[in-house]
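Next, two complexes with chain A in common: one pairs it with chain B, the other with chain C.
Take a look at the complex of A and B:
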């Protein structure tokens, strides 16, 4: 019976998805309104090739700060849940890692780290940015943790780094209020088009977001696996 | 046109994985199935020309959430009743 219901749901969803796939493949109606505003203003405002980054950190900067607040609240809620359930940090919960994970982590960990740092630093030039690179580096650190569980990162130091990143983002926003009466406004020069140091405060903000997201994701998974 | 055909195949595979997750009784197999769905979704995002969303989906959906789900399953219980 369960299998029969599953097959019927499968067929229904497949047909629905086929119909929608042809519907959503037409994006032409999106090139008006806000999109045309951003497309026309982006080059003169920030002079960077990745328009998504300028939207995330500048045109919708408030939303990004709300997003990192939501992430912080979610992680805090999980910490509270774990400590309310009385799960103490035991340090050794799963059985030790096998040879495949150990030797693969030696080769893969540096590559993952370099790729994540590349994504964060080139956030204003190529696809990616703080959230994406932070998630990549966090999963790389998780791989290192899974290969050898005795490794520990001091939680006090990482919480300090995380808090400092957010405080510096908010201070940069307040400097914007001081110079131009707008929160998170770009008060630096935009530099040369598509060079690493360009786009004003956009790379700085996105790197700080990357640091915060890295620490948060890694600590969340480590806490759950270790408790 | 070829993009739409690839998208259709990938979406059918992901829905099939979804039904497999719902039917089977081993929860760790089901958790691996959810990471497979995230992987397929990230390929679909690349085809829809959203590479940054694909990066997020691959790293969070396939690595971090899979680790969290498996860690919680090991703590609670393995078999679904």
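Take a look at the complex of A and C:
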């Protein structure tokens, strides 16, 4: 009975939401002024093809810095929960991997790395970027851990890389304050359209975000598999 | 035709959103609650991307010629939001699962209504 009432209530809510959704837009034109602003200014401001990248790294740069902080906080929370629980490594998790996984990881891991780096570096030219490429390399790291569960990777080095990436992003932002009184302003020339080195600081920031996301995913899998 | 497809995405997103929240509210097992939240998250992502659609619009990755010619493009801002929200979603889901693990190791059960009668 309780479940039946809940289903009725949520069906009612979804119908309301649908009516509201179709009232506010008919999808014949861009409904928000922000979108028109971004679409019209992108070429003169940054000279890069991928408008989503210029939104993520420049128009909404504060938001992106906040989001990599959320990622960091989630991984830190997991680490705190693990240490509070006092989980010790159990024999069950450290079972050796099969031959198929071991041989496949040797071949696949470099290819996954190269593909991830390709996605990160081409973030401002084609669909892709730091977040996606970081997730790809992070899943490659998971494969590496699954193939050899006793593998040791220096966590001190990974923490240093992660911190340096964020510090460099913030320093680039502060240079913007020094030159034009705006945080994260694009102080470099935008370069030639559709070449790897173009768009000023956008590829630099997106690559650093890619490093940060990679290391966070690495820590995530490491914490889970080590516990 | 394109509009019909987009309406399909919108309806799908709304159903996933409300259905996921409903699962999260009515189920007693914590793992099922987490599954509900993940479904709701997927629904929100679909809903946000679909709400930025423009009929006849291209993906917002344009060549110089297209940008100068003023080709119709979809709203890039919802796509940028969803892009980050997916990555954040994975990390928060992992955190959720670890809270469930903590709950299980403390109480020995995954039922959220569980109370220790002896201690009360």
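The rule is short, and it goes like this: the second predicted complex is superposed on the first by the 190 of 227 C-alpha atoms of A that agree within 3 Å, B and C clash if a C-alpha of one lies under 4 Å from a C-alpha of the other, contacts with A are read in each partner's own complex, and residues count from 1 in each chain.
To be clear about the criterion, a residue touches a chain if its C-beta (ideal position, glycine included) is under 8 Å from a C-beta of that chain, and two chains touch if they have at least 3 such contacts.
All values reported here derive from a predicted model rather than from experimental measurement.
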{"item": "Touched partner set for A:18, first chain B, second chain C, both or neither", "value": "both"}
{"item": "Which superposed partner A:207 touches (first chain B, second chain C, both, neither)", "value": "neither"}
{"item": "Partner chain in contact with A:119 - chain B first, chain C second, else both or neither", "value": "first"}
{"item": "More chain A residues in contact [chain B versus chain C]", "value": "C"}
{"item": "First (chain B), second (chain C), both or neither touched by A:7", "value": "both"}
{"item": "Partner chain in contact with A:225 - chain B first, chain C second, else both or neither", "value": "first"}
{"item": "Chain B versus chain C as contact partner of A:186, first or second or both or neither", "value": "neither"}
{"item": "Partner chain in contact with A:127 - chain B first, chain C second, else both or neither", "value": "both"}
{"item": "Partner chain(s) touched by A:135 [first = chain B, second = chain C, both, neither]", "value": "both"}
{"item": "Partner chain in contact with A:58 - chain B first, chain C second, else both or neither", "value": "neither"}
{"item": "Overlap of the chain B and chain C footprints on chain A, listed as residue numbers", "value": "2-3, 6-7, 10, 13-14, 17-18, 21-22, 25, 52, 87, 127, 129, 131-132, 135, 220, 224"}
{"item": "Chain B contact footprint on chain A (complex, rising order)", "value": "2-3, 6-7, 9-10, 13-14, 17-18, 21-22, 25, 52, 87, 93-94, 119, 127-129, 131-132, 135-136, 138-139, 142, 146, 217, 220-221, 224-225, 227"}
{"item": "Touching residues (chain side chain A, partner chain C) in the complex", "value": "2-3, 6-7, 10-11, 13-14, 17-18, 21-22, 25, 27-32, 34-35, 38-39, 42-43, 49-52, 55-56, 60, 63-64, 67, 70-71, 74-75, 77-78, 81-82, 84-85, 87, 126-127, 129, 131-132, 134-135, 193-194, 213, 216, 220, 224"}
{"item": "In the complex with chain A, residue positions of chain B that touch it", "value": "3-4, 7-8, 11-12, 15-16, 18-19, 22-23, 51-52, 55-56, 59-60, 63-64, 67-68, 71-72, 74-75"}
{"item": "Contact footprint of chain A on chain C as seen in their complex", "value": "3, 6-7, 10-11, 14-15, 17-19, 21-22, 25-26, 47, 51-55, 59-64, 67-68, 73, 75-77, 79-80, 83-84, 86-88, 90-92, 94-95, 98-99, 101-102, 105"}
